[in-house]
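Submitted below is the structure of interest, expressed as structure tokens.
Chain naming follows the written order as A, B and C, and within any one chain the residues start at number 1.
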């Protein structure tokens, strides 16, 4: 193999290419801004943005804000998981209800629920309740649908095994249907929790209240441009981390 | 009986000499070599294979699984490059898909999003044939493969055999000098194969289309071909060139004749040797925990 | 019949109910929810007008459709979303084609798209304001970056799933790059691409509208936040109903074009 093909085949190349492009882009940006070709008010130098990060953490209590957002997210997440799975199980149990409402729930899954935030502001006021409620509403439909799907698509042979052992409906549900549906339910939880998280940060920004979302808003209101960029960067990094964590969690809970 | 047996014997004996002397060949493959880089190292799929195909000829290529038939198909068609040796078609060297070569693949290849007529018109579209002319010409080939009436249907509405006919019509519509076919009937059942073989004979008769057919079915090869190239197991070389002197025009009834049986037996005895080598090789690979 | 000595038994079909039970239940549920709503509205349990009477909402809907100004705002939002889809969609398509076609590029860059995808895009709005000003530009940009990601990711994934045989057929007929893209790649991946567009439209809608609610003086989002600020609740409900109907309708329409159920494919 020639050295060219060796490089082209090395598993490190894509990673280097990706990261390298990023670094080069930032370097070019740095150069362009420092030369005055771009208004630093609109686009500050990347180094300034990175310098603002520690300021965010220390002066603006970025981690405390993160904890606040996390608390809201966890609360909403727990609520939506319990209610969503229960509702999905309910729909499974009552076939007529399922047939009547399944298309409605599917439609709700594609609906722009976040647009309801002005309404929730009126109902709950400008506080954490609105944020948690918005997060709850955002993640509900996918969880219900996936729970329903998981229960409905249990292989009939497993159900027959349960029937052959004369299990009561409650036992049938607890010992066969629910465990069999878990993988699909976890997919639903992943989708739903991501929607919840996404909406919570978004609504925090929109109503200028809460943790990380509000931080961005504050920085923008103060015309602290490097701070705004830094806050957005911080939130992006946090959201990416959380996304990776949820993926890992799902994979760990679904050994297949 | 004796005469035919003698004719068969002489044909197969002098077969190898005869192939090299094919007058004014449309296709000329000269000492083709193709190797592949696999996990187990460099594997030679085709090793110094030469063959010629004259205008109007129907040449069958037969060999055991793994003998490099599909590699040969892909190299002649210009989809992959040879390591050594040359491929010349209509006097020009092949180093990419050539307009004089039409390819018919083994896999299901009709475009599911196009109707039958639009599928067949595809090569004409690529060649920027004006729209009005396109459909007329395509319709001619749809009729040729016996699918008139189905022009506006989608492939999903047709059977497997009909879909292969659409693919065939599509390749023919490009009016290539030579048609390459890689086991086009492999996915079909025996009866459909025989009937499509009939169809192919009819088309060949009408168009005098030069054809190179790659197959693993001896009966199919003998039924359709003027000459048959028997390949060795990997690395693929010419084991034997057999001239099929069955009268033309042929039909599927030919499979019940004695001469047919003799040709099949002759070719099978060559093939069996190579196929056994292939089987032993597979077993050895599996024992070593490798892919066959 | 009697003479032949052969008795013909006719199978009686079970009498089909005039109205299916499912439909009955649906009607019952809708009526029940509306009745509950109206009761809540009259009870005065909640702060006035948080749950306005259905009549008030109905009147607000009529007033909205009768108001010429409404159509101006509707047009603004539609125009913003359309441009956002055009910009975000085309660039998403191109990037998706590039990433899907090259394993190297895909392994290098797609991971960034994948992990940036679920990030809430509205937080980028201050940057959009800085770069594109206070006018429609920032809203269009918001919609564009929102819809870019699902379209790019779905296109890239769709490209990789194309059956290789189609590509071989195209090459064997010596199609040039443009012909390969328009006659083979795009048709072969129409379903993933349409799904990407459906998702993209959904998030473009959200992105644009949220941007309008945050900082704008026109558009549907602006109308909603205005209704909030002046506490014109029936009007807010009317506007939200209109928005939801449009969003769900557009999603269903595109979904039908692509022949796919919504979240079940996730």
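List of remarks:
Rule of thumb we're sticking to: contacts are C-beta pairs under 8 Å (C-beta built on N, C-alpha and C of every residue); 3 or more make two chains touch, one makes a residue touch a chain.
None of these values were measured; they are calculated from a predicted model.
When every chain is represented by the mean of its C-alpha atoms, the one lying closest to the mean of all protein C-alpha atoms is C.
In this assembly, the chain whose C-alpha centre lies farthest from chain A is B. The geometric centre of chain B is 50 Å away from that of chain C, both derived from CA atoms. In terms of their C-alpha centroids, the spacing between chain A and chain B amounts to 55 Å.
Remark: chain A and chain C have CA centroids separated by 19 Å (rounded to whole angstrom).
Residues of chain C touching chain B in their complex: 163, 165-166, 168-169, 171-175, 179, 183-184, 187-188, 190. Only residues 21-22, 25-26, 29, 46, 50, 104, 106-109, 111-112, 115-116, 118-120, 122-127, 129-131, 202, 205-206, 209-210, 213-214, 221, 224-225, 227-228, 231, 233, 236-237, 240, 243-244, 247-248, 251-252, 261-264, 266 of chain C touch chain A when the two sit together in their complex.
For chain B in complex with chain C, the residues that touch the partner chain are 77-79, 96-97, 99, 101-103, 105, 107-109, 111, 113-114, 122-123, 125-126, 174.
Interface of chain A with chain C (complex): residues 8, 13-15, 17-18, 21, 41-43, 96-97, 99-101, 106-107, 109-112, 114-119, 121-123, 141-142, 145-146, 149, 187, 191, 194, 198-199, 201-202, 205-206, 213, 216-217, 219-220, 225, 228-229, 232, 235-236, 239-240, 243-244.
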